[in-house]
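Labels run A, B, C and D following the written order; every chain starts at residue 1.
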Amino acid sequence: MDQHARLEAEASLADRYAALRAGTERLAEPLSPEDQCVQSMPDASPAKWHRAHTTWFFETFVLKPHVEGYQGFDPDFAFLFNSYYLAAGPRHARPRRGMLTRPATARVTAYRQHVDQAMTALLAGPMSPEIATLVELGLRHEEQHQELLLTDALHLMAQNPLNPAMDPAWREATPPPAMLRWLDGPSGVVAVGHDGEGFAFDNEAPRHRVFLEPFAIADRPVSNAEWMEFVADGGYRTASLWMSEGWAQCEAEGWQAPEHWEPRDGAWLGFTPGGLGTLHPDAPVRHISWYEADAYARWAGCRLPTEQEWEVSSALPGFLAAEGHVWQWTGSAYRPYPGFRPWAGAVGEYNGKFMIGQMVLRGGSRATPPGHSRQTYRNFFPPGARWQFTGLRLAKDVA
Amino acid sequence: MDQHARLEAEASLADRYAALRAGTERLAEPLSPEDQCVQSMPDASPAKWHRAHTTWFFETFVLKPHVEGYQGFDPDFAFLFNSYYLAAGPRHARPRRGMLTRPATARVTAYRQHVDQAMTALLAGPMSPEIATLVELGLRHEEQHQELLLTDALHLMAQNPLNPAMDPAWREATPPPAMLRWLDGPSGVVAVGHDGEGFAFDNEAPRHRVFLEPFAIADRPVSNAEWMEFVADGGYRTASLWMSEGWAQCEAEGWQAPEHWEPRDGAWLGFTPGGLGTLHPDAPVRHISWYEADAYARWAGCRLPTEQEWEVSSALPGFLAAEGHVWQWTGSAYRPYPGFRPWAGAVGEYNGKFMIGQMVLRGGSRATPPGHSRQTYRNFFPPGARWQFTGLRLAKDVA
Amino acid sequence: MDQHARLEAEASLADRYAALRAGTERLAEPLSPEDQCVQSMPDASPAKWHRAHTTWFFETFVLKPHVEGYQGFDPDFAFLFNSYYLAAGPRHARPRRGMLTRPATARVTAYRQHVDQAMTALLAGPMSPEIATLVELGLRHEEQHQELLLTDALHLMAQNPLNPAMDPAWREATPPPAMLRWLDGPSGVVAVGHDGEGFAFDNEAPRHRVFLEPFAIADRPVSNAEWMEFVADGGYRTASLWMSEGWAQCEAEGWQAPEHWEPRDGAWLGFTPGGLGTLHPDAPVRHISWYEADAYARWAGCRLPTEQEWEVSSALPGFLAAEGHVWQWTGSAYRPYPGFRPWAGAVGEYNGKFMIGQMVLRGGSRATPPGHSRQTYRNFFPPGARWQFTGLRLAKDVA
Amino acid sequence: MDQHARLEAEASLADRYAALRAGTERLAEPLSPEDQCVQSMPDASPAKWHRAHTTWFFETFVLKPHVEGYQGFDPDFAFLFNSYYLAAGPRHARPRRGMLTRPATARVTAYRQHVDQAMTALLAGPMSPEIATLVELGLRHEEQHQELLLTDALHLMAQNPLNPAMDPAWREATPPPAMLRWLDGPSGVVAVGHDGEGFAFDNEAPRHRVFLEPFAIADRPVSNAEWMEFVADGGYRTASLWMSEGWAQCEAEGWQAPEHWEPRDGAWLGFTPGGLGTLHPDAPVRHISWYEADAYARWAGCRLPTEQEWEVSSALPGFLAAEGHVWQWTGSAYRPYPGFRPWAGAVGEYNGKFMIGQMVLRGGSRATPPGHSRQTYRNFFPPGARWQFTGLRLAKDVA
């Protein structure tokens, strides 16, 4: 149990709720009402929507069913801010979230305060384990949306020819140079998945056995400097390195470097929440699709690790950047574990219905709230997604 | 010369400038920063963009070339707020205007004030006829954008399931019932087009002769009540009434009534700047495409008037709603008059390059600034456009 | 009345029927079953479909309603080979005509023979004027489809990287060089439209008066050599010459020359029914869209003639290539004449429902059956269409 | 080694070549030149193209590099009939294969004969193991295309409103009723993948170990009668049974039953190579996407087997329809095995570059050439594909 987990375990749910909710507001604080309203693509949601949807989650799954006499804030919000829960009724179409100039940002703030008040009262007293579990889930859910709020807003800023900094206070990591070293991964019959202690999403369970053939895994993610070599070596022009459908997307969209990289006077700049700036050579590369990660690995004479290889290696000494730096694409498709059971009720739609067409990422990024991820955590995105803080770590077979 | 024209002629350019610019701000006033930023479809522009673009017009065509020492407000704005003037340099792509969450609404307000200050100084002194002409054009241009600002914002509000009123103070017209009467139109060789006195757009000139076969024209536009009969009689389900490509669009988009009409308990409500409300039976129907107007006319055993028929009839006693009520689709494609010459310079792109694929509308609507339109005025939109204040007036051949 | 018209008038309907139907078969003769079946784009139809549809026209509008005891060839054909006649029942979707690998080409040949037999019997005897009119219409209809069969098949061949010659016997015209001369057009009140003598389509009537301001018109169409100057002068790279939506299509589709022109070693070749070959410098340019014709005219300091100007000039001495060379885009949108009445019954859908979004062409091309067109003939296509034998003739205002 | 494998092993390569090539021609025999030319969707290829491409494979990979003095049939064919081998040079775009009305069907037949003659001469003598391996691959490749030729042609026929039978001699299986029984699957550490004896594709290797938690697997695929229960129970209207993106496709395309099922008088008919007919209740259901298979399994309270579970179970007594009946979707994404190495050279593009976005199918169908598939065989298609002979087999966890 790391330090964050220990602190978290000791904190009351009430304290954690207050801290988490304030964190979301801090994230949105540098964004103007316009910044919070516009949707830059169907896959991204406006910041205002994230702030309202996470609030809707507590209202819908905790307050309405479990707090007698709770007065809903606005009956329209059930429709406006449901994301995809069929069991929770009809909802506003996802690609049209950006049309909601009303309710205004200020009204969403009032919504948050209304729900916070009711939640604070609830959390001040004793509560059943069932409610505590739902609150816990609501906290983890909002943590996920904190990262999405940031990446979606960054994508929006990137559409603006002025290259505005969404958060001028943002600072990128500046790690020291580190030679890549290979670690021997644990092989044979090993166990993966969550063991049931502490919170985990349903998709991390049950813990089960898999057999791993011998493999080696890099001790750290691929860096910006290494990626620049790939670019310079023609990686984006060499079809034989790519999956067929990845190459088709690369050509159709004219990829020449990771998303949010911009050429300037023969060098590459990176667009970050702090604006356009130099790319630190030793920081992990990010904003790459699975297709790019896979092509890079092939170019390097390696491959991506499977999610199981990643998980069992993540406790090895020398395994850097398990969390807090960059999400790492794996070679594993996002599918249920043997014995997987979705949670009961509407929250059973949380993860299970997306288990096709997506690839698993492990680790966690600078945009992930501290303590949110863990070694068994399964993040997932379609192979063409680039707007997240996504990078890669290399692996290879051992004869 | 009507009363408005006389007042206008007497007012100084400086007074007219001040009044016009204040009018735009009044229109935008009920709109929040979010309302002013979002683009609801590629054909519509955000209110903030309209406010900035009309300002850019004065800055680019009046201040920069003609006021020595004028300091531009922001060098980026030349790119951001050019609409389509190739001669004025590159520009931000039209369908991406809604991505510009920055500059913020407040900064656009500052832009307007900056330009207003310089314009006010310029207008306080004597000026060359060339400059006066450009200022006049800038005023007419901003009047056009006032109407677009309103119709575009209404379209945005219509995407919102909450049916918000963009301007709660808006009141619809409540005309008295009026039996339709047929007027004998002037036929034979007649003259149409602007005669050169007072301001007119280049597309209204030159005045020229046409021959009209005998015709009759309705003394007023088609009303909501009349349109409801068309709907009730299956007008939207009867292919034989429609042009082939109009029927294709009607089917593909599921038209059942004009845009912004909503069924409620067996009746139709209308969505207006004042919100969702009853449709006044005697008010002119609006928010119909040319295809619908044409199908209605066929259903009624009539046809649309040509723009020449409309123009020569508009001075007849009994010809109601020439202006100020609803734009009226005509049967004429928008093409240049014989002898047409676009204005010299960049403003020559104002009208001429759109003279294909569009149909002419005559009249003027409740959203048109008073005094903006005139009998020779040629408005134009593609035949499928519905989000404007567009209606129709019937005509027929006389044996 | 020209020679062809006189010969036609003297020939019996029976002889004309036989000659026309044989002509269609001769056109299709060099096409293999595969060539006759594939649809190269939604706007084009397979040759087999043209052969069957023209037969369906006689069967549906002449034989079934007017010949007692006529046995239909195949009940499915009413659905398969109806083009767009709503009054004639449901029909196979246009963009899916190329899916009909069955009925086989041979069965369509049998269908033609079956209908020819019944028609021959009918035409051998006396017949009512109503039937004669329908037969006449069927002949004119099939003439139109002969041209479409050729242009659609040419478009199909152009998709093939082998550049196959659909008809190796095809020979292009090789006109002598001819300096362009300007003709004074008839102006003032003139009459246009068909006067009712001999066959005409409903869209050519009624004859009516128009007023024309003074104009001049070129005595011949623009030639390949002249068009090459436009290309060499950057015509396809100069936005200011183009209508806004024409420029958008030019850029989106990468136009650099007329359709079916191919660059080879710094020169241009033309793809024709006879294969890929040199472009005769003095032959009329063809395979240009209205947008290109309009841009060329602007580049040349001229404009396109209106259809009325074209018509009243076409009888002038010196007016070359009225027919038989190339269709000539005019500046007129395709709209009904004053007093237009579609034919009664299902054939009323023949022309009227397409009178929006299209531009009028006058003249006639090398692919038009001799005698088919006339001075009042109104051909029409959308402004972006390029696969027809379409060129242009210049006009200009006279002070 | 089953009987077919034994016979195959005993036959000479020359005999097998002759038999295989003749088999392709027999398959195409009932198809007219039109049937062989048209492409019904981008994912399907014309029969003529299949016949030419399989011939190109032998010519490109065997004859040209290994037979001195071999005269290529036509230099254009290298471009026209390369499918996706980047290393073999540029190629005609896949979605435009149906535009190739020329070369004609007869010329493709001549191409096949030309190559057969050279191959027969080659196979009559001794040859290096390298060449023998390439010939073997060419045979397996053409077997795959035999199945595609049939399914693609069936898809084409299904676009025809006449429901033509592409092969009137086709007979569907009529298996006896069979109660579904559950088999205990082998669990723990097991080995999967090809062991290197006899031919296998590169994607089946290397043999490696996996760990399987206890599971049960159905002894036979799901039948038509069972699928009808799913339909009747609202399976196609119950979103909660579906993956999110499967439900989106189901709604967008209006799925109500498997592809090629047609409602007729309250019952379902099936469209097969023999035409439209009754669905045998005990035959395996087919023409379902992975999304449908997955939804069915959830409806049945089960899940799809992984490909490893399928493989290790396929030798169990009682495991019916391992091959020869229907391809069976598994729950496994198509990804490389640990230690996977694509073949060297251009044929390395055969499988490896498609290992993303696809799901594995096991078994083999009535359209699969006998002896083509095997227990380790990995077929793959995207989860939305329906035009193949695809069904499913159920599995479930065992506590």
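The criterion applied here is as follows: a contact is a pair of C-beta atoms (placed from the backbone, for glycine too) under 8 Å apart; a residue touches a chain by one contact, two chains touch by 3 or more.
All figures in this text were calculated on a predicted structure; none of them were measured in a lab.
The chains touching chain A as well as chain B do not exist; no chain touches both.
Distance between chain centres (mean CA atoms), chain A to chain D: 37 Å. Averaged C-alpha coordinates give centres for chain B and chain D that are 59 Å from one another. Computed from the mean C-alpha positions, the centre of chain C lies at a distance of 46 Å from the centre of chain D. Pairwise chain contacts in this structure: A-B, A-D, B-C, C-D.
Every residue of chain C that touches chain D in the complex is listed here, in rising order: 32-38, 40, 48, 76, 79-80, 92, 96, 98-105, 156, 159-162, 164.
By the touch criterion stated above, chain D contacts chain A in their complex at residues 84, 86-87, 189, 208-213, 215, 239-240, 242-246, 290-291, 294, 303, 331-333, 335-336, 338-339, 349, 353-357, 359, 383, 397.
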